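The following blocks contain the structures, represented as structure tokens.
You will see chain A twice below: alongside chain B first, and alongside chain C after that.
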Partner chain A sequence: MAAIAELRDLLGSDRVLDDPLERRLYSKDASLMRGDPVCVVFPGDAEQVSAIVRIAARHGLPVIPRGAGTGLTAGASPMTGGIVMSMTGMNTIEIDPDNQAAWVGPGVINLDLSKQARPYGLHFAPDPSSQSACTIGGNLANNSGGPHCLAEGSTTSHVLGLEFVTADGQIHEVGGLAPDQPGLDLRALLVGSEGTLGIATRILVRLLPIADDVRTLLLDFPSVEDAARTVSDVIAAGMVPAALEMMDQRMVMAVENWLGAGLPTDAAAVLLAEVVGSTATVESEASIIAEIGRSNHARNVVIAVESEDRELLWKGRKSAFGAIAQLAPDYYLHDTVVPRTRLVETMAGVYEIADRHDLTMLNVFHAGDGNLHPLIAFDSSDEDVARRVKLAGEEIVDLCLSVGGALSGEHGVGVEKRDLMPSSFSALDLDAQARIKDVFDPDHLLNPAKVLPQGSRCFDFGGVRREVPEGAWV
Partner chain B sequence: MGVTSLSDIETKIEGAPEGVHVAPKTVDDVVRVLRWATESGTPVRVWGGGTRQKLGHPPTPGIVLSTGRLSDIEVWEPDDLTVVAGAGIGVDELESRLGEKSQTAVLPEHPGAATLGGVLATGRASLRRARLLGPRERVLEVTMVTGDGRVVRSGGRVVKNVSGFDLHRAAIGAFGSLGVIVQVCLKLWPVPRASATISNADPESVSRITRPLALLETNDAWQLFAWGTPTDIDEIVAKTEGEGRAGLHWPEDPRGSYRWLLRVPPGRTAEAALRVRPWRFLAIHGSGELRLASEDVEGATDLRGWAEDIGGSLVLVDHPGEDAPLDPWGSPPSTLDLQRRLIAEFDPARIVNPGRLPGGL
Partner chain C sequence: MQGWVTEHHPTRDGLTACVQCGLCLPVCPTFRLTGRETASPRGRIQAMRSVDEGQASVDAKFEEILDFCLGCRACEPVCPGMVPYGSLLEGSRAEISAQRPTAYRRLRRWVLGRVVPTPALMRILTVVLRILQRLHLIRLVPGRFRRSLSGLRPLDHAPNRVDRESDEPGGIGLLTGCIQEQWFPEVNRAAVELLRNAGHEVSIPATQTCCGALAAHDGHAEVAGRLGEANDRAFAACGTIVATVAGCSAHLVDRHGDGAADITAVIAAAIDEGRLPMLPRSGQKVVVQDPCHLRHAQKSIRPQRLILEAAGLDLVELDDAGMCCGAAGLYTILQPEASAELGRQKAGRISELGPELVASANPGCEMQLRAFLGEGYEIRHPIEMYLQALRRHG
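And now, the complex of A and B:
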């Protein structure tokens, strides 16, 4: 294939893979959807990314940027074929301690950044459960969250600037260390655009000081309602803890069986709360949370002070998805958000849906911001089960939207939720989004057919038509 | 002008330049105004509280559109820490309502007549920005009316959401070029039980306080702002050896006929404060934002050169004359072409604040 030969000339043979096995390895992310790429390329810098994009454009091949492939919505699955561009080779880290920031390559692994920043007393706040594998480029593309974005915000709150390549091969830079750069904030559009507007080649992230002291609390409850009420009461008491995570009984049992972290398997729900700050702060906040928990029938409250004890509690939370492997070969992990006040009723509805479809469901989620992660463990080789898993998933999304929720809190839209976008947005809202795509990528070369359903661009909305102004590019 | 179709919403806006003044009562009214303006190619100035009308290159308006009547609080869910309000609500009014249940939207502390839509469209930040971040972090959902009269909503009414491109965040500081903001859902913060303003603190010990709510420097004082539990606050006051006063007593922005915003990398804030010392200034340490007042236009040119060299900017916010004595924004951004094409999709006839943005967009 001519395109592959050109790519080999540009990058060298070892950085263009096209044998069937390698193509198969890069044919999907962590979702259940698989595509078939023409080849996989590994650029080393922005100039190479630009050159690859130009070659792809000449041959009419889509480009699908990919980090570690931990995404759950097929955002990095090459559903339309084309060139998978693995960013993992672009993994330099330049820490700027004076400005509490770092310029990083998109292929830097999330946890590696925090490890490198540690000697400076800094860390990168977004911490998805996959942080030991997922990349900053992937975090940027999906606007990833994690337990600690309750107080600190998702990735978008931590991206100060970026260098990116557009579909025409141009290299741009937006944002920077100084706040509020004059003009439109294109950074806001690029973060969370799932590689559909541009390919990030360097990312300027904010680093936060590591807190002086930390307390991690584990509270166990006789009911999900009591745990959820504790979450609301903590917020009402004027606190936004660093994290407020919930696991239901089935999840606790799965994790405990696997890890032996000492979690209470007879509790209906456990709440993991973390407070950070000075020693006086964390001590007073931890005791207030414990008190609120007890007033909501918490049976037991553990306050972990030492870092190894805290890490064990977090290991239980962050290993949750790994623990599922004991139950079934596959899992389908959902990601929706509901207003915190609707948490209890939504959870009841979610359990009802799983029971009705006779599915094994476990829950571990970011309770503090109402971000649910119902997880269905199943065997995809059983077609009837797979069909019910899909149906249940759609019902869960409908339920969450019906209480004023959102389609996705942190995993993205990708292909998985693309065709559900009209249930969240009007035709005009989607048209506006499609216009943004067309400005950055008029030929839909970058990660095409993701995020926005086909036909989002409505050319006749009943509004006013005008001549295209000078300088506009259509 | 043939604007009889707008006569039902015509009004007189105090302090606004000449033109047809309208105050829409509904979002549909805004649609009507903007469609009319697009059809007739009439420039529109959007008017909140009128506190930032000199910022950028203000257009000579045919229409001045006041958001003042779009000022309802539609939903406030204290337990969800969200509020949905019309763009025209006064920041003072909104914050004092939220304060009734010990919550805040972290909007500017001394807003004057500024409205919610105004502070967002112009990108005005809170003095708490080093700790709680800037104006883009306040919005969860924005409903706006594009220049050609489409009602577009982006985001959602939940605190975490990644569905679709974040047009609502891009609308912050966009001066209506992507759409006139008509309604906003804001993320709120609970106000802790105790707070203090600490003056005359020992600078060495202040630097050991991790992430204070704000550390502000003016020409004659340093002030540390803290909130938290009562134990917390007592500890911080003791640690800094300063004079603690209960409550948050925010300083006013420096006054003067020429007012400026200097932005530098956060680590250069102290250096910037030294450099602007002859001017009246308020520096927000940890954020890189300094608010300045000075008539020294020549000095401003030098200061701008220095700021741009280190990746920052110096923006003229207010001046006494008709025309700004120098480009109010400084050097145009490198992504001007992308910005121009983006705006063309939302305001094809370029009628909302035309030319106000950097690079004459």
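And now, the complex of A and C:
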């Protein structure tokens, strides 16, 4: 293929992969959906990214940026074929301790950045559960959040600027260290655009000081409602803990089986809370949270002080998704946000849907900001089960939207939730978004067919399919 | 498409346990070197699964992808799905041997199955090496072997090996290790002395042979099976089989479960239970290097540290999450470039830390570290350090 020959000339043949098996290893991210790329390329800098995009444009090939491929919505899956652009080679870190910021390559792993910043007493606040593996580029594209984003905000609050390449191959830079940038805030537009508007080639991130002291609390409850009410009460008490996470019983059992961290497997739900600040603050906040928990029937409250003990508690939470693998070969995960005040009833509704469809449902989520991750463990080789999973999934999304929730908390829309977009955006909203896409990428070369459903432009709005695409279960 | 052809192939259950979450990527040394899915645990598992599902075959690309794996198993302890990567890898390598039997692979099967397990041949090799070492002629050895061999300890003229005994075996059975007993006889000697000091009955069955770990890792499952059965008979009367090489003990633990152990686990237990003393602190610092086959394959981190602390040493951690040093059995020879890069990285981190005493519980790592650290470092097995301290304090 001519495009591949040109790419080889540009990058050297070692940095263009097109063997069928190699392509297959880049055919999907951590979701269930698979495409088939023409080839995989490994650029080393913005100039090469630009040159690749120009070659792709000449040959009408889409470009699909890929970080670590931990995305859960097929954002990095080449559903339309095309060139997968792996950003892992662009991984330099330049820390600017005076400005508490860093310029990083998009391929830098989230946790690596915090490790490098530690000697300066700094860290990168967004901490998705996948932080040991996922990249800053992926975090930016999905505007990822994590347990500690409750107090600090998601990735968008921590990206000060970026350099990116648009579909015409031009290299742009937006944002910067100054707090109030002149003109439109294009930075904010790029964050969360899931690789559909531009390819980030360098990112200026904010680094925050590491807290003086930390306490991690584990509270276990006899019912999910008690746990959910504790969450609401804590926030109502005017506190914004650094993190507030809930796992239900099935989830705790799956994690405990793997980790043996001593989590209470007989509790209906456990809450994991973290407070940071001066020693005096964390001690008083920890005891208030413990008190609120007890008044909501918490059976047991553990307060971990030592970093080893705290890390063990977090390790369990952060491995929750993977631990599902022990229960069934596949999992299907939703990522929706509901108002915190409606958490209790939504949870009850979600369990009811799973029971009605006779499915195994586990829950692990960022309770503090109402970001649910109901997770269905199933075996996709059973077609009837797969059908029920899909039905239940749609009902869950509908339920969350009906209580005033939003479609995507933090994992992005990708392909997985693309065709559900019309249920949370009006035709006019979708049209506006489609017009933005057209301005940046008129020929739909950058991660096409993601985020926005077919026919989002008003004039061809009409028969929108509400379907998870074929192959969603493989 | 041709699928699996042997009974050793990766199991379906093992393969589907992987949910493709990617949490194993950052701990994988070959992914860290390349940033590529084709060199990641998830990618390798996906390659195997593709063959299992009839979407790919055991072709040259499959071989290349699997050959580049160190077999360090760093991907196992971090995997929330508990994917049995080590056994999937051995299964894949067995398939590669069966479906792509090159002359080089056959030669390796012969060496690992016939030469290495035969002490007489190993003794001849050792004499040759000793002469080369004395005459400073190791540099004449062909490239890929030279670097590893430059990490050998000075070979003794009349090595005081622990002899395999013909007496009735029983108690703890010591596996002497084909290479360990020839090139690192001091470690086995220290093991026997410490085990007996701790009140264990120790025997060294005469009919024992190679544990088969190297053969299994290289895809010679039949050879490994044959050697394993021979040892089953040799150690039948022993309570526990103990090895002083992490690579051997990991293989034995996979095969025998609680019926086998690494020497560090047994000595640490003796210290814990007060059968061996905690010695006074000397103030000397030691860098702890974790062999992958202890840290990842056996999830064993504490015993070697306890032994060093008991020896009165102050521990200095490498803090690199147990990243492989690149020795990895035959890897130094089969993938010299990647092996050298990892060796350089590990040596670089150690030299930044300062101490010139380094503890490593695996001879392959020891040789790799010595080859890359160069002069001025003392690298020993933790039990040797403990025995030395014990002697010093009478």
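In this section, the second predicted complex is superposed on the first by the 458 of 474 C-alpha atoms of A that agree within 3 Å, B and C clash if a C-alpha of one lies under 4 Å from a C-alpha of the other, contacts with A are read in each partner's own complex, and residues count from 1 in each chain.
In the analysis below, a contact is a pair of C-beta atoms (placed from the backbone, for glycine too) under 8 Å apart; a residue touches a chain by one contact, two chains touch by 3 or more.
Treat the numbers as computed from the prediction; the structure is a model and nothing was measured.
For the composite obtained by superposing both complexes on chain A, the positions of chain B and chain C are free of clash and fit together.
In the superposition on chain A, A:Ile288 makes contact with chain B only, not with chain C.
When the two complexes are overlaid, the chain among chain B and chain C that reaches more residues of chain A is B. Seen from the CA centre of chain A, chain B and chain C lie at an angle of 140° in the overlaid model, rounded to the nearest 10.
Of the two partner chains placed by the overlay, neither chain B nor chain C lies in contact with A:Ala5. Contacts of A:Gly89 after superposition on the shared chain: chain C is touched, whereas chain B is not.
In the superposition on chain A, A:Ala323 makes contact with chain C only, while chain B stays out of contact range. Within the superposed three-chain model, A:Ser130 lies in touch with chain C and out of touch with chain B [touch as defined at top]. When the shared chain is aligned, no partner comes close enough to touch A:Ala348: not chain B, not chain C. Closest C-alpha contact of chain B with chain C, superposed model: 21 Å. The touching residues of chain A, counted against chain C in their complex, run 17, 19-22, 24-26, 28-30, 42, 68-70, 86, 88-89, 91, 107, 109, 111-112, 130, 132-134, 255, 258, 319-326, 329-331.
Those residues of chain A that touch chain B in the shared complex are 96, 98-101, 142-143, 145, 149, 153-154, 156-157, 166, 172-174, 176-186, 188-189, 191-193, 197, 208-209, 211-212, 232, 235-240, 277-278, 280-281, 283-285, 288, 337-341, 366, 369-371, 404-413, 417, 421, 424-426, 428-433, 435-440, 451-452, 461, 463-464, 466, 468-469, 471-473.
Residues 35, 38-39, 77-82, 102, 123, 125, 129, 133-134, 136-137, 146, 148-154, 156-167, 169-170, 172-174, 177-178, 189-193, 210-211, 228-229, 231-232, 234-236, 261, 263-268, 287-289, 307, 310-313, 315, 329-330, 332-346, 348-350, 357-359, 361 of chain B touch chain A in their complex. Residue ranges of chain C in contact with chain A, taken from their complex: 16-26, 35-38, 43, 46-47, 50, 55-56, 59, 61-62, 65, 78-83.
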